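Presented sequentially are two complexes of chain A, the first with chain B as partner and the second with chain C.
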Partner chain A sequence: MATRRADVGTDLAETDEVERSTVSTGARHEGVWRYRGSYWGKMALGISVTLIIAYVLIDVEPRHNGGSWLGYTLGTAGGGLILWLTMLGVRKRAMTPGRWSLKGWTSAHVYLGLSLVVIGTLHTGFQLGWNVHTLAWVLMMIVIVTGIFGITVYGILPRQLSSNRDETTEAQMLETVTDIDRQLFDTAQPLDADGAAVIQEAIDETPFDGGIGQRLSGKYRGGGTARGLADFRARSSHGDRSLDELYDRLEALLARKQAALSRIRRHLRIKALLQIWLYIHVPMTFALLAALSAHIVSVFFYW
Partner chain B sequence: MSFVVKYRSRTSGGREIIRAKTVDSDTLKIGRSAECDIVLSDLGVTLHHATIQLSGKSQVTIVTEENLPVTVNGRSTTRADISAVRGGTVRIGPHRLSIGIGDGEGEEGRIAITVDREESADKVKAHRMFSLAGVVPGKRITSWVFVALILLSCLAFPIYSYYSSKGVEQRADGFHADTLWVSGAMSDGHANLANDCQSCHVEAFVSVRDSACVECHTDIPDHAEADLMATAEPELGFGRSFLRTVATAFNRPERSCASCHVEHEGAGRMAAAPQQFCADCHTDLDTRLTETSLLNAHDFGSDHPEFRPRIMTRPADENGMARYRRVSIDDEPQENTGLKFPHELHLSDTNGVARMAQRLSDEYGFGEALDCADCHVATPDGTRFEPISMEANCQMCHSLAFDRIGGTVRTLRHGEPEMVIADIRAFYRGTSPRRPIDLSGMERRRPGDDSRARTVGRYQFAARTRYAQADSAIRAVFSRDGACFDCHEVERPPTRASLAFDIVPVRQISRYMHDGWFDHAAHETEDCSTCHVASESEEASDVLLPGIETCRDCHAGAVAGGNEIVSTCAMCHSYHADDAAPYLVRARNNRGQRPRSVRDYGGLAINPRGDR
Partner chain C sequence: MADAYRIAIVGSGPAGLSAAARAAQLGVSHILIEKTDHLSDTIYKYQKGKHVMATPSQLVLRSDMDFEAGKREVVLGTWDEQTAGHDVNVRLNSEVKAVEGDAGNFRITFADGETVSAENIILAIGTQGNPNLVRCPVDDGAVVQYTLDDPGEYVDEHITIIGGGDAGIENALGLAADPEQNNSVTLVNRGPEFATAKGANVKALLAAGDAGRISILTETTASHIGTGEITFDTRDGETKIRCDRVIARMGSAPPRAFVEACGAEFSGPDRNAFPVLSPTFESSKKGVYVIGALAGYPLIKHCMNQGHDVVEFINGNTTLKPADEPILEAKFKNLPGRKSVDEWLEFLRSSVTILEPMTPLQMREFMLDSEVRAYRRGETLFDRADPGSSLFAIASGSVLVQVDADDPSKTVGIECGSIVGEVGLVSGRRRGSTVVAAEDSICVEIPRMAALKLQSQVPPARDAITRIATERQLLQMFGSGLTKEDIAEIVDSAEIMTIKAGEAIIEEGDTGIDLYVIRSGSMVVEKMVGRKPVFLSYLPAGSYVGEMAVLDDTPRTATVRAAIKSEVIKVDGHAFRALLEKNPELLARARSDVEARENVNNFVEAKKDSFSGVVDMYSSISSFLVENGIGEATDVLLIDENLCVGCDNCEKACADSHEGLSRLNREAGRTYAHLHVPTSCRHCEHPHCMADCPPNAIHRGDDGEVFIDDTCIGCGNCQRNCPYGVIRMEKVPPPKPSLLSWLFFGSGPGPGEPEHDWIEERVAEDTPKQAIKCDMCAGIKGGPACVRACPTGAAIRVAPEEFLSVARLETEQG
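For the complex of A and B:
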């Protein structure tokens, strides 16, 4: 990507002004936010403002609730909207261009999903409690908030991801580690049992150790490599020239492994942040559909 | 001499991208550092890893830094010569440097070094390792788990609760899963039912029916006959008729208890029905319910008829029954309670009444003049006033004394005219005229017997005819300026000679507004004279009730501005037509709520429920 952009830049320098503007307009990325001049954004804003005004102006006695005519209308609209928003999961597997393109659909998904905050919350009439109805609202809000998180990190993190990977692929990163491990293994052959154990521990450490917490925080404490590095730093300047040389080489290798690990882990952290929202967004969507079914059935069961 | 360095990489689609640069030098530094001529960005490469030197026309020598062997043509070494003509491959970490003679445009004769990366690892596998899939549970399984949990706990379990307690008279205490469905706290009155959904929601998928309400609320009268209410209902607008169609389609009854009394709207009292509910039918009611005697109304502030109190037109008819009639305040009603009483005279602070009040102030606690409260005593609940009675309120001034025996004053019996007549007769029969002074023993008299004999004669005549004087005394009592006549309507005897005087019975009205509710205690912040102009009333027949305009000084309709008080229908009227205070008033009393401002309906400190 960066390569291509650099190329385009070089080419443009040689062309005239008019062409440049044509090219840059054509090349400008139109994401889901700006799709069709934020058509769906304006639509969602219009819907939300209209509904808020209606909510304020329409007098529901004794107080706003989901069972008034306005409440039923909002509820039906919100329920339909939730089902449609869920359909993105099916729709995204078929990419199409044009007015009803996947991009347009996604843009509508994002904006209308945000307007669901207004629709769903007004439907509650701000009456929340420990019940199935509020459960559905809470799940809906979790889905929306994770969605907001997702689209935010999609806007910020890819740049960090690509600056961190420094034009290497994931496979190459792994290869680097394997390479260093191999060198460590070879270099460590003359060591005694204690030293070998330390190096073995360092070799055994992979970038993928640790759970979801470490993936997201990027904080890994006391891995085998870090311990080995500290160990061999302490062993340096032993006096014995050949051993010192060996220790220096091992220390250098361990430092490189440590550096390689932290780059991969930064990469992992950014990727985890980019992916984690969907692991909540999707299951919570289905939980929401279940809670919504329970909500609707319960309302009419005990009518 | 110069080198051409080409970086070759591949897009994800497999397309090859080559970036070339020319280096005008005889040596090329290779390493990770940006200063190197060939930059290999990989942590497996040191900052300065090796150097390539030109060592012939088409031959190069690669020399690595100490301890950093590289693989040249498959052989690990720290120094090697490579012929560009024959070509050679140097591997440094994952990078492959292919050395050859340039063949592209502008490369002729130069040594070209093509740099590319080897990617031997499985891309798909690497991709999977880098994704989150390994460390968090899969989306699909999590979704299924959540769906199952929610459907079981929030749908299946409550439905089971319903069917397992069906037909049970009263549910056991403890958790019932269908309480998970409660959409809001119950009002205070129904709080005890919160754990027993089925007490109201009897049938599944059938909305709450009135039958469930009247099971407990047995004595609630309905507002009017059902057919009258149906007739009185106005033609619905498009929106509401649509809503009704929807409600009917979903089998939701019209005009049910739950149409007005909405439950699950939070703890506290259940909210009163909105005014619109009353106004729907009572606006232009007479156009639909042509037979009705009720007047149209839809808002106290803007559309409410003048008050029509039920006043007494005769305290007693031929059968001794009081006659009543509802008259609008506009028609200056005159009532007849059988009593004569000029309020003006009694409330004056300059006349004899005031003087008498001052004289009796020590004994009865009067002020400089009489005050309303000197006679009118509130009922215990404060809503209305006790009836006036002769003994409690009049007799301190209007004495019925006629004789004194020893220190005891004898009075005529109030309320029993025949007793009064008998007492007067007895008085004249049992007493003799006052003895003239010249008949006493110690008399000082004119000389001679003549005068004495005349006095004796007159006295004997007086004593002889004394009994007959009772007649005129009786007449006097029942006639103008007599003790009875002053305050009461006297029924004259049928013949002139007869003394069968009688008094028209006095009846007092305790409640004028029978379809509405007025609470004096709620208005204790006001003076009586704010509403009742008693000090100018010269006749007891004046109805001293204020008109609606007086009320509107403070009471607005459903919408109030400034310091006005919001006054919806339910403030004075009760939908369920019993005699008790309207719902709003009762609810406030029951909570013992003290008002914080005038908007809170004034000082309400009224009676508990049941006071009429």
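For the complex of A and C:
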């Protein structure tokens, strides 16, 4: 017997009430960066600052290095943290029940991962050289730098992806291209061999043409469609009315194909940018784990 | 004199076939009449290879024909064989056009004018009805058909499809799908728009139209169909196109008119009313019996049992107990007092006011759908905020409604014979109070579907429920201290109105003073600021509006319109004012409520200059969401595309939490200002999918989720009825190798829904498809997987009244 008042009014009258009840239940909406008021960000910042101060204040003889008690502490924490950061890949895929959220994990991953710059570097005591220990540090930094690239694209690109998509799905975009190809093919039937070849070249151009560089930069110059379009724009029908109409239709179709191609390519490009860094981030993580193992084993071996 | 039979059975579906087999077995002279050239047309028309289900499993089959779950082909094959084996007298290709005469001497006239006579008639013609026929002249030799089994069969043809409903559009898309077939497809629609078809279908059709694959003619009717051509009347005059084949999909006429012409009366004017029947399935016309889907029993097993039973009854067997007797016995087993099934049915009927007008057969059917339970004193019927759309009827004892959430001792009693829980039934929203038994009691829990059926079959029951619901809703709204008597006048003057989506009940500037209570559906409140309507708030069912004018006698300050089709109680403003004058306490409360609302108005007025951009944005986003059906949602998945990186982890998580099949399509769906409404269930207040589920397998669960249980027979009705396209028909794949073995050894398809082919290779070909939809991850600790698995927090689930509150404006500003 839910009789509710339509009580927007009361909500507004008591604004603090709104904060807690109306908005916090259900409608609350914070992204990964602002998760829990950037709790993990503050935590990571706190840890980093504390460690730097400790590093400066604590006097270790003869100098800071991985073997001092502070170095050990930092090393253990850093190693543990790396293992935990790696677990994000498992968390993401293991849909176990429970009150966890991947958003929370990612938030912690990003901020604590950044604090590794401090933890890991202080652990080295700035003793870098050409050895397996430094290799581990370099790999760690590569992983972190790619991670920073990742959060940058995560922060910028989703909006572009959404606007470019404009309610169409990837499958629909591909279908549009196929559709236009079919119409091009049908419409081109009356053309002579020469014209048909131009159209065929345009039809042969697919959204997936081009190398990785082109696909990531989005710079496509002079594909079959663009050439075809230029060709038909320049063509003259010499006063033949029906030929004129045919050219017009083909030109319109080629222009549509050009637009459809650039939309799906933009789509694929943005998606690729959102993912490509993970292809460095993750393999480097495994390289890091390997280097880390070597580092730990060798330390105990030579000690 | 035409042939004469003891029993004529019209319709050879499972019901009619079973009846005919029984008659043959008993040696009673009979004839089984079928319109088409094969038996059992409804099942014949299932898609090839469909797995036919035999639910409910606890019901025993009582028929001379065999039936068990299996492929359509096997079921039909068995029946064909056994029909011949039993020497059933079948007459195919004979559509019955009229039944005249009286018991003992009926005359049946076929479409071709021939007649036969019979002493008794059994109508078993199902609910499919007849397709509406083309009305324009058709030349001999022109091809006109009313179904399309396999669009792949037609090549190089000019085909015209008449009718812009889902069936017509789907046929057109099917015929034009493969360019290799080289069909020229034209779709003709009488109106300017495709109002009855699903949005997704219309979109696909228009896209195919733009792409030149289908030519679409609107505001057009066929005026003449010749061989090789068809003539249309269009808005701009007559046109003629080439046409080798016409496929007419103009809906079908329900068989009701025919049944009524046979003399059988229906329970009421509603579309979902059924014929009035005696316990022996005899209609109000003596000698005419009605069984099967037409009688309101859509499951094949029920149909077959009734076919058997009705012939026994006609043959004079008076002691036969219905096959569902054991099910009812089990229902009554745990009740105190030893009564037979018939006694219990009679007891319930005579004790509960709204059940009184029912016939014994209706009571039986009603109790098959409902539950009856004994409650000890103090035991809970349901708790406040429980989801639940069932109605409770008190057959003995009485109950107490705890009207105050904080103080369980504040209660209102409801006496024996009455009902409780009706608001959930009407509005589909959560329970508003806890109800406990005041003494040892027996109550019937009536699920929503059964309650709706009851209301359409028994009009007095509907009126009683409506009055009680109105009275209680008003009492609750005005607060404690008032009695039934105080508001009697208001209840008498109250009027229930159905409001179409978009229609306004209150217009800004009007001078009316009536008060409106929203019974079902939802409304939006808008105010003109400058020349634009600004969305002020969203009113879910259970709210009321319009009281300001009563108090202040000022014109309306905002417009209130229906977000979706809604029902409101209109309360006479003068009667309400009289009530206020008699109750100073109520008046004071109403005053403070009004002040609060005025604050909102002032707030918007004040802010309109300072951040009108934000108000605008809020207003247009809200309108967008309401347009997309959020107004009838209880819980909806939204994606903030400012954050969505397109990783599809939501879909993968969904699949991995549910037998490997995803119930959401992230990419599809509408987007506005980067707010995306993906194709995923909104758990509507009154779910469209529930409307026509033969095994009644769709329910609302404990957390408000609408889910499908495993009695699903895979008929696809829910998929067709869902306006949001969120139900899939799929084969459930086998379990995948574990995540670890995928991670380390690469075995299995990995996280997320496997490829279609991976599934096909691993499930048997005749695995039945099942309807698959979001269940809000009910029963999974932690809640919806899609939200938990989103790495950036783009996916959120919201209840509309929380999301569409102007209060968000303030916080987002701050």
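Going forward, the second predicted complex is superposed on the first by the 262 of 303 C-alpha atoms of A that agree within 3 Å, B and C clash if a C-alpha of one lies under 4 Å from a C-alpha of the other, contacts with A are read in each partner's own complex, and residues count from 1 in each chain.
Convention: a residue touches a chain if its C-beta (ideal position, glycine included) is under 8 Å from a C-beta of that chain, and two chains touch if they have at least 3 such contacts.
Predicted model, so just to flag it, every value in this text is computed and none were measured.
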Tell me which partner A:S101 touches in the superposition: chain B (first), chain C (second), both or neither.
-> second
Using the superposition on chain A described above, determine whether A:Y35 touches chain B (first), chain C (second), both, or neither.
-> second
Considering only touches as defined above, state whether A:L112 meets chain B (first), chain C (second), both or neither.
-> neither
Can A:L250 be said to touch chain B (first), chain C (second), both, or neither?
-> neither
Quick one: classify A:M140 as touching chain B (first), chain C (second), both or neither.
-> neither
May I ask you to decide whether A:D179 touches chain B, chain C, both, or neither, giving the answer as first, second, both or neither?
-> both
Looking at the overlay, what does A:V132 touch: chain B (first), chain C (second), both, or neither?
-> first
First (chain B), second (chain C), both or neither touched by A:R93 | second
So, does A:S162 touch the first partner chain B, the second partner chain C, both, or neither?
-> second
Chain A residues where the chain B and chain C footprints coincide 3-4, 166-167, 169-171, 179-180, 271, 275
Residue numbers on chain C that touch chain A, as the complex places them = 179, 211-213, 401, 421, 423-424, 427, 429-433, 472-473, 476-477, 525, 536-537, 539-545, 593, 595-600, 603, 640-647, 649, 652-653, 656-657, 667-671, 674, 676, 739, 743, 750-751, 780-782, 785, 787-794, 796-799, 802-803, 805-808, 810-811
Chain A partner, complex, touching residues on chain B are 9, 17, 19, 41-44, 46, 67, 93-94, 117-123, 126-127, 129-132, 134-137, 139, 142-147, 149-151, 154-155, 158-159, 162, 178, 180-185, 197, 201, 204-208, 243, 252, 262, 264-266, 271-274, 276
Listed in rising order, chain A residues that touch chain C in their complex are 1-13, 15, 18-19, 22-23, 25-27, 29-32, 35, 90, 92-95, 97-103, 105-106, 154, 157-159, 161-163, 165-167, 169-171, 179-180, 182-183, 271, 274-275
Can you check the complex and tell me which residues of chain A touch chain B?
-> 3-4, 59, 61-63, 65-67, 69, 127, 129, 131-133, 135, 166-172, 174-176, 178-180, 208, 211-212, 215, 245, 249, 252, 256, 259-260, 263, 267-268, 271-272, 275-276, 278-279, 282-287, 289-291, 293-294, 297-303
